[in-house]
């Protein structure tokens, strides 16, 4: 696990502008040594720009970047002890796999034979020794991906940058590679900074995640935290599936906020800093944190009418219209079917949730 | 052809037109090739196949003239192609990998200038230029003129190729501690090779084939193959001219074919 | 689009931005000194006084342009009336080049269309077949054409042997021979741009038209042609412009009667009889015509692109 004493990458007030367009608005963040850190956001959010600034492919308009205490933002990429796994791998097509993996070492002044030897070791690590003399085009997508990893790791960088490295793979391979990448990070003990737009990828692999949007950091935290306690609308909506309801806050007591929503429904949510009485905000509750019942329960219960049930494999998704209010989506695991009853469309039912699960969001 | 009852793309008569087009393009070349093998002193009567006119090119009364002309043509073509390809490669690197800059449009205009100005105008202008600076016309003036107007022909395939190569390869090299120069020589140049070879071949053919500009700047006594052939043709088409034309034709076709296959071999895949 | 701006296409790549001046310097120098400067000097020469043994005297004179446009009688002392000799040569050149362009379009369009509708894998082979002849020496091609078209040449022999004609048709030294020669010289230039635009054309549009009851010919006229018009115009210009100033085809196939601009210019620099300022002036007039055509074309292309974007 990561070592919170040592900071591997320290980004301080970094700004990136292209002419009038601001791609990154004053970002500050610290990435710990030996951490699997993910920059997550939709395309155009600035995550790749930030990664490329760390790699040295983009200048920093304002601010500074430190690598283990050394200021690096003015160094060219070939002087920075960080390596990148590119989105489309960028394996040199005219070189063999061994030459590709050995390239960085050779550029650092190692002899050809040393570079070959180390390349061989790296290929063993990623289990591709038998392809050492092939050209990149003769390898499958997944194999190329592993070569790209081996090549970037061979010079033993202090930090490894990964720019959406799994996006070119098909779903099955992508899932397998998530595990492999995580393993590799643990084995090598190198800090990984991973860029992705895939929230599932981010949640399954990362120690910590920075969610970005429109050039700004929206939330920084551990995967579980980000999922269960989204800080704002964007994060709640972008990560996972959620019910977003407009509510107004009536009263706050003991860390609980009493809110009401359209149709006269009342509801207790957990308090969030920065939201006071009288505020009109959004409330987020994950569909799997909801359950249905015939009668009101001890939890927060809202009355409604079942509209439809949708079978989605592992779950059943039930759409329910709250009386005079918005609709909500409830997910019921299929494995629970035995002890939970399915409500037919048109039936009256109650939607229930723990106050813990209902999160108020700042805009 | 008959891919079904109604083919929205097919128009009757377009295939015959295409065949007509190819016939028109190739018939004269085929005819000259066939008649170059004619075992006759006259170009009109067919008297069987022989290679006597090919032999005549190398040993006949005009052979000395052709030998010198061929030497001039090929040395000029090789030097002009080498120099113009080098210049074009450097220029393409600046144009394709140099970001946006003020003089980009101007530079592009300058590079394509020889393609826009009618050849005869370039010829006149070059003649006037050498004359006004008091440069004696000869081998050197031909060479310099060829270097200049071959640049765009070398430039086009090279820049097209470079645009097709993503710059992430060079970025990856620099990420792996290569300097800019190393990224250029170890990564970009090898990937560019097919483009550079086709650029070189096109420049070579353009130089080898040029008649008009050469005719203006060659000065007295210096001949290249096209000017020598033109001089002979003015007195009537003779069989040995058809033989030498066929050989030159073969050189062009072989070179273009090589260029075609080289550019088809995509070493980025 | 921050990510787009960041990762950048290769066209926007600035890897060698710091070295671009040095990289461009050789091209600037060679083209600037040996192409641009000569063209500018040609402009200067067209305003100088001719020397009788070829060359010029460095004295400002409008005699070259005067000679081109003005007729001043036998002794050169009458007021200026329009001199038709050279204007007619230019006019004939335009006409010949236009005819060659039309001929190329009639043959080139179906060919380009046909190639562009072949399966994708064989298209490059067809394109290659069309372009090969272009790379064969223009002189050799023109000589071959002349050889073929001669009165006793293979074409007439063939036509007589099939019984279509009784005596040879005289083609060489006619306007038609020149048109044929020009057409033959530049045909690939017509085919390639049309091919490129037909290849880009989305045939779903034709299908949509057919679905809406348009006949094939209507579809071609109303849907396809407007879409590929830029390619057709580009092809016409690529044939017309070099035809206008060509020298070999009119010289070898046209004979003395069918003089074109190229021959007129060439004559001014041959031996001692020439008139360099006049040749330079004629070249300038040709160059201006070409540049005007190219500029109109460029403006239209830009407009078309804006309309499409």
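Should a chain be cited, it is by its letter among A, B and C, assigned in written order, with residues numbered from 1 in that chain.
Definition applied: a contact is a pair of C-beta atoms (placed from the backbone, for glycine too) under 8 Å apart; a residue touches a chain by one contact, two chains touch by 3 or more.
Note that the coordinates shown come from a computational prediction; the quantities given were computed from them, not determined experimentally.
Visitor: Give the identifier of the chain nearest to the protein's overall CA centre, each chain being represented by its own CA mean.
Guide: Of all chains shown, the one whose C-alpha centre lies nearest the global C-alpha mean is B.
Visitor: Busiest chain-chain interface by contact pairs, anyone?
Guide: Pair with the most C-beta pairs in contact: B-C.
Visitor: Looking at C-alpha means, what's the farthest chain from subunit C?
Guide: The chain lying farthest from subunit C is A.
Visitor: Go ahead and note the Å separation of the Cα centroids belonging to subunit A and subunit C.
Guide: 59
Visitor: Measure off the straight-line distance from the CA centroid of subunit A to the CA centroid of subunit B, and report it in whole Å.
Guide: Using C-alpha averages as centres, the distance is 55 Å.
Visitor: Just the number, please: Cα centre separation of subunit B and subunit C in whole Å.
Guide: Chain centres of subunit B and subunit C, defined by C-alpha means, are spaced 18 Å apart.
Visitor: Which subunit B residues reach two or more other chains?
Guide: 166, 168, 171
Visitor: Quick check on subunit C: which residues sit in contact with 2+ other chains?
Guide: 7
Visitor: Can you list the residues of subunit A that touch 2 or more other chains?
Guide: Where subunit A meets two or more other chains at a single residue, that happens at 87.
Visitor: Note which residues of subunit C are touching subunit B in the complex, please.
Guide: Subunit C reaches subunit B through residues 7-8, 10-17, 19-24, 26-28, 30-32, 34-39, 41-42, 45, 55, 107-108, 110-111, 113-115, 117, 124, 128-133, 135-141, 143-148, 152, 154, 184, 187-188, 191, 203, 206-207, 210, 216, 219-220, 241-242, 244-248, 252, 261-262, 265-266, 269, 276, 279-280, 283, 286-287, 290-291, 294.
Visitor: Show which residues of subunit A lie in contact with subunit B when the two form their complex.
Guide: 55-57, 76-79, 82-84, 86-88, 90-94, 103-104, 107-108, 137, 151-152, 155
Visitor: Help me check something: in the complex, which residues belonging to subunit B touch subunit C?
Guide: Checking each residue of subunit B against subunit C gives 6, 8-11, 13-15, 17-18, 20-22, 24-29, 31-32, 35, 43-44, 86-88, 90-91, 93-101, 103, 107, 110-111, 113-114, 116-122, 124-129, 131-132, 144-145, 147-149, 151, 155, 162-168, 170-171, 180, 183-184, 202, 205, 208-209, 211-212, 215-216, 226, 229-230, 233, 237, 241-242, 245, 248-249, 252-253, 255-257, 260, 264.
Visitor: Quick one: which bits of subunit B touch subunit A in the complex? Just the residue numbers, please.
Guide: On the subunit B side, the touching residues are 166, 168-169, 171-179, 182, 187, 190-191, 267-269.
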